[in-house]
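Before anything else, here is the set of structures, which you'll find just below.
In the two assemblies presented below, chain A is common to both, partnered first by chain B and then by chain C.
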Partner chain A sequence: MREVSPEQGAGGGDIRPRRVRPLISYGHWWWALPAVLMVVLVHYVATAGGAFYAFTNWTGVGAFDFIGLENFRKIIDDPTLLGSLKNTLFLAFGFLVLTNVFGLMLALALNRTLKSRYLLRVLIFMPVVLSPLAVSYIWKFIFDFNGPINQFLGWLGREDWQRPWLAEPGLALWAVLIVMVWQTTGLVMVIYLAGLATVPPEIEEAGALDGAGTWGRFWHITLPSIRASTAIAGTLMLVQGLRVFDQVMALTGGGPGGATETLATQVYKETFALSNFGFGAALALMLTAIILVFSALQQAATRDRT
Partner chain B sequence: MFRYTKATFLREVLVWIAALIGLMPFYFLLATALKPDEELLTTTSSALPSRPTVANFTDVLTTSGDNNILFSLVNSVMITVGSILGLVAFGSLAAYVLARSTRRWSSIAFYLFLIAIILPAQLGIIPLYIGARTMGLVGTPWGMIVLYAGTLMPLAVFLYAGFFRALPRDYEEAAAIDGAGPGRVFLRIVLPLMAPATGTVAILTGLIVWNDFFTALIFLGGSDYQTLTVSMYYYVGSLVSAWNKIFAIVIISMIPILGFYLFAQKKFIQGFAGGVK
Partner chain C sequence: MTKQNSGIRRRLSALVAVPLAGALSLSACSTSGDAGGDSGSGDKQGFSFLFPTSTTTESPYEALAKKYTAETGVAIDARKLPNDSYGTSLRTQLQGGNAADLMVVAPGRGQDYAVLPLAEAGLLEPLSAGSTAVVPDAYKALLEQDGKTYAQPTDIVPVGIVWNSGAATEAGAQFPADATAMLSLCQDLTGKGKSLVALAGSAPPNVGLMAMSLSASRVYAQTPDWNQQRADGKVSFAQDAGWKDVVATIEQMNKGGCFQKGAAGGGFDAITQGLARGTSLSAFAPGGSATEIMNNAEGVTLEIRAFPPAAGGKQYLLASPNYAMSINAKADAEQKKAAQTFLEWLAKPENAAEFTKIEGQVPISGVEGAELAPQYATVKDLLAGGDYAPLPNLSWPNPSVYDQLSKGLQGLIAGRGDAASVLAAVDKAWDSK
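Entry: the complex of A and B
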C-alpha cells in the first residue's frame, strides 16, 4: 500500500491527536495539483495582479508609475463613469427584484396539479441556455422603431406612444433590463421549483384546515420554507446583474450618449479599446469590491432571518 | 386540496398564455430569418414570409473573410469540447482526492475552490491578458481552453466534490482489498459511477463556455480563431439592419445548444437547479 501523502509521521513532540487514517488509499495527493495550480493562478494571482495595476497609470506596454488613488478620483469626477456606476446598480437591483418576483410566481403556478407543467417548464427555461448576445439581437429587432412593439402600438391606434426605444436615454436602460429579465426568469423559476418541492403538502393542508387563506398560507408556510432558495436566487441574480456586459454591447453599445454604460462595459472599453490598463483595472477593482460587498450583505440578510 | 379543478384549469390556461407571449421573440426570429431581401423591406416586422427562403442561411454560411461563421462554429466546438475535457479530467481527480482525504490541507484546498467561485473575473482578466500575451497565447484556441478550464475549475470541483461525498466507499474498498491500486480503483470503479456528475459538469461548464462573449472578445477578438459569439458580434455590426441575415446567424448560433437542450432537457434543468444549490 502506497502512502496517501509524503508527510512523515509526527515525532514525539506532537501531542495533538492524529486523525484516523483511512484503511486504504483514495488516490494520491498530487492528483489535485493541476486543478489547484490553475485556480491559484487564474483566480488568486490574476486578481491580485489586477488590484496592483489599479494603482498605476499603465497603458499595457512599457513602464508605469504608481499614482495612488488617482484612478479612483478620476472615476468619481467623471460624469459618464459615475453614470455607469449608477446604471450598474440600477440594473442589478432591478434584475434581482423582477426575476425573483416573476420566477416565484411562475414556480408557484407550476408547482403541483398543472397537467402540462413539465412542458411549460421546458419552454420557460429555454431562453436560459441561449447566448445573451444572441438573445439581445432578437430584442434589438423588437425594440426597433419599425419593429413589433411600435407596430403593435400602431395597431392599437396609439401612434403617439411609439418610441425609438433604444435611442431614448430614459428608456434604453429599461430595455436592457427587460431583456435580462426575460432571459433569466426561467432559471429563478427552476430554483424555486426545487425549493417548493421540499415543502410537504401536509403542512399546507393543515394550514388550510385551520382556516388560513391562500395568501396566509403563502406568507406563513410557503415563503419561510423556501428561504434557502431565496438566498441562492438572490445572490446569483445580484452578482449576474452587477456584471452585465453582453446585453449592453449588443443592444445599445453603451448609448445613447453613454446612457447605458455599465462598469463592466467601461472596464472593457478603457482597458482593451483605449489601452488605459491601469484605469481599467481600477474600474474592475471597484466592480469587484461592489460584487463582494453585496454578496456578503445578501448572504447576511437572508441568513439572519431565523 | 391539490386536485385538478376549474380554477386549476384556468390557471393552466393563464400560464400558457404568459408562456406563449414570452416565447414570441422566437416567432419573430424564425419569421424574419426566412424572409427574402425584398420582403424584408415591403412587409411589416411581424408578418410571416409569403415566400420563405433559406437563402439567408446559405449566404451567411458561405461568407468568407474575417468573420467566417462556419470557421467560428468549428472554433467554438473545439474550444468548448477542449475545456470540458480539461475540467472533467482535472476537476474529478482533484475533487475525489479532496472529498476522500482526511488531511487538513484538503479542507484548505477545498475552501480555496469555494472562494474562487465567488471571486469575479473582471479584475483578473487584465493580468491574465498580459500574461497570455507574453506567452503568445492570445488569439489561440489552446490559450482559451486553459483559461476557461482555470476559470471554471472551482465550479467543476465543487460539483464533483458534492457528488463524491455522497458516494459510498464500499465499492472502492472492495476493489482495493482485491489488490487494485488507487489509479485502477479510480478508472474502473469511480469513473463509471460518477457519470451523472460528469453530465452536470459538462452541461453547465459547456454552456458557459459556448455562450461566453466577454472573455472571448478580449482574447480572440480580431484573431483567426474567433468563436461564434465574437464573429456574430462583428458580423452583426457590419450588417446594420439586414435583420433576416442577422437572425440567420442568431439561429445558427442557437441550434447546437438548443438541440442539445431539447435532447437532454431534464438533465439541463436538474443541473442548474442542483448545481446552484
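Entry: the complex of A and C
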C-alpha cells in the first residue's frame, strides 16, 4: 500500500498550503542588482581589463603589442624587483607580528580594572583615524637630520649618533616599519578589545581557583577564546602590510637607491612615472596573486578547528 | 491598476531614476570638461592652456596668458598642475580625450611628458610653418617627427650650478676653476661650518641633475653627439671615461664634505634654505630657480656657473629649451586654430622677448645681442660661443634611463652600491626599451 505523507490527502493529492506573502516584506534580491552591477563593473571588469595589459607592452598612450609572458620574465630577471619583493615581505610580516603583539598587549592592559582605560584607548586609537600621508610627513620631520631625534642626541652630547635616519640603507626600512606600526596598533587593539569582551570573567576566575597562573590563563583560556579576533587582525594586517604604499612614498620615496622600494611603489613608478603601463600591470597582477596566496595561508592557519 | 502594482512601479521607477540621474550628472560634468575651455569673450574663440607649476606665486605661463588676453581679447582658460604629477596627469588626460587645447610638454622623449612619444601616438597636432620657423636647427630632432613640428619652444634654460656669490664673498671663497680646486674649497668650507653644495639627496631628480651638470664638461664637451653614439651602440655609460669621471667626482665630493650634513636625506628645502641663509654656497638647479629664490630671499645674490671641469678640462654648460608648447590633436578645430594663433603671436620676437623676461630665462635665438638677466652674465660668453649642450636626458630613449642614473647615484651617496653597477644599470635601462 502506498504511503501517504501528511501533506497529501487520502487520494494522494497535494494539499501543501499555498505560500502566502508575508505581511511585512524586508526586500528582494533584485534590489541589490545596481550595486552588484557597479561592483562587477568597477572591481572585476576593470581588474580583468587591467590584467590584460600585463601581457602587452603598452606605454600608457598609443598602440601596443601582445607580448605574452615577457613582462613576467623581466620581473623575475630584475634584481631590483626581487629586492622590492623582499622589502614587501619584510614590511608585511614585521607589520603583522608587531601590530598584533603590541595591539594584544595594549588590549589586555586596557581591558578591565584600569580606571583611565577609556581615555588611554582613545589616545592609542587616535592615530588610526589620521591620514597615513599626514602621519608619515610628521614622522619625516621627526627623522629629519635637523629633526627632534638628532637634536635630542645632540643635547645628550652624542653627535656621533646623529644620522639621516631615512637615508641610511640599513635603517630606512625599519623607520618605515616603525611608522606603520605606530599608526595601526590602535586598530588592532580595538579588534582584540572586542574579542576580549566576549570572554566571560567567570571562566578566568574558575581557572584562577583551579590554580592557573596569569600566563596559564592567558594561554589556555583567553587566547583560544579570541581566535576570531586573531584571524581578523592577522588577515587585515597582512594584507595592509603587503600593499604598503603611502608611508614609503611619503617617507623615503623608495630610496635611498631603491632600498625601501616595495611592490606597490614599483607598480606606481613603472606605470605612471616611467610610462611602462604593461610592465606595471604585470607587477600589479603579481602583487595581487601574492596577497591572495598569503591571505589564504593566513586564513588556513588561524581558522577555528574546534 | 491595483494600488499594490502602482506601489511596485513607483519603487521600480525610483530604482532606475536614481542611478540614471547620477549617470546624467556625471556625463554632464564630462561634457563640460570636453568643451575645451572658455569660449572666449564676444565672438573671439578662446582655448584652454595646461602648464606645470611648483610654487603658489603666479606662474610665468599665467602671466603670459593674461598678457595675451589683455592684448587680443581672447580668453584663455589657464589650468595649472603640480610639477611632480604633471606628466602623469597630462598623459592620462590626453589618452582620455579631455586634455587642454594647448599644453606645455618637454622636448625629446626622455621624460613622462615628452613630446615625441605623444606625437607618435597621434595625440598632438602638427604645428604651422610659423611655429616651425622658431625651432633652431640644433633642437629640431627634439621637437619634430616625420618632418612635422609638434612643439614650439619658448626659451632656453641654462643648467649648471647656482652660485651664491654674496655668501661666497662672506666666506672668502672664489668659484673653483677645476675639480681639484673645488675639493680643496670643500675642506676649507667644512672647517667654517658651511658646505659647497646644498643637495636634495632624498630627491633623485636633484641628484640626476647634478650628474648631468657634471657631464657637460666631462662627456658632451668632447663628444657632443655622445647620445647618438650611445643609440648606435658605439659607446656605453659603463665603459665611457667621461661618465666614469662623473660618478667618481660625485663620490669624491661626497667623501670630501662638499655636501651639507645629512645631504643624503635632504629635500628641496635644504637647497632653498642653504642658499637663502648662506650656509651653502651653491646648488644644482635650473637657471629659473635662481630668479625664484632671489625674488623670495632678500639680499641674496645668485648667479649661474658652469660646473668646474676636471683639471685641464674645458668650461661647458647645459642649455636647451626644456619646455615647449603643443596643441591637443583631439581639440575642436576652432580651438586648435585659436591655440595656433596664440603660438604665432608668441613667436613674434617682441612677445618672445617679453616672455623670456617674465620667466627669467634666455631667448631661444640671438643670445649674442640679447639683454640677459643679471644671473646669466657669468655664462653669457659660453652661451654666445656655443659652448653648451642640450640637457642630455631630453635625447635619451625613455624616462627609465634618467631614473636609473638618479636612483643609482642617490644610493651611492647613501653608501649603497658601487659606481660600476650604477652605470651598468643605466645602460640596461637604455637598452631595455
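A few comments on the model shown:
Throughout what follows, the second predicted complex is superposed on the first by the 270 of 306 C-alpha atoms of A that agree within 3 Å, B and C clash if a C-alpha of one lies under 4 Å from a C-alpha of the other, contacts with A are read in each partner's own complex, and residues count from 1 in each chain.
Quick note on the criterion: contacts are C-beta pairs under 8 Å (C-beta built on N, C-alpha and C of every residue); 3 or more make two chains touch, one makes a residue touch a chain.
Values in this document were obtained by computation on a predicted structure and should not be read as measured data.
By the touch criterion defined above, A:N276 reaches chain C but does not reach chain B.
Which of chain B and chain C touches more residues of chain A is settled by the count: it is B.
Of the two partner chains placed by superposition, only chain C is touched by A:G258; chain B is not.
Contacts of A:A167 after superposition on the shared chain: chain C is touched, whereas chain B is not.
By the document's definition of touching, of the two partners only chain B reaches A:T47; chain C does not. In the superposition on chain A, A:P148 makes contact with chain B only, not with chain C. When the two complexes are overlaid on their common chain A, residue A:V190 makes contact with chain B while staying clear of chain C.
By the touch criterion defined above, A:T198 reaches neither chain B nor chain C. Of the two partner chains, chain B and chain C are each touched by A:G60.
Residues 31, 34, 60, 144, 146, 272 of chain A contact both chain B in one complex and chain C in the other.
Here chain A touches chain C in the complex through residues 31, 34, 59-63, 74, 80, 143-146, 150, 162-169, 252-259, 269, 272-276, going by the rule given at the top. Those residues of chain C whose C-beta lies close enough to touch chain A in the complex are 15, 19, 87-88, 91-92, 94-95, 112, 117-118, 120-123, 201-204, 261-266, 398-400, 403, 407-408, 410-417, 425, 432. Residues of chain A that touch chain B in their complex: 2, 4-5, 7, 19-29, 31-32, 34-36, 38-47, 49-54, 60, 106, 109-110, 112-116, 120-126, 128-135, 137-139, 141-142, 144, 146-148, 151-152, 182, 187, 190-191, 193-194, 201, 204-205, 208, 228, 232, 236, 239, 243, 245-246, 249-250, 264, 267-268, 271-272, 277, 280-281, 284-285, 287-288, 291-292, 295. Interface residues of chain B, counted against chain A in their complex, comprise 1-4, 8, 11-12, 14-16, 18-19, 22-26, 28-29, 32, 44-46, 90-91, 93-94, 96-98, 100-106, 109, 112-113, 116, 118-120, 122-131, 146-147, 149-151, 153-154, 157, 169, 172-173, 176-177, 181-182, 185-186, 207, 210-211, 213-214, 217-218, 221, 228-229, 232-233, 236, 241, 243, 246-247, 250, 253-254, 257-258, 261-262, 265, 268-269, 272-274, 276-277.
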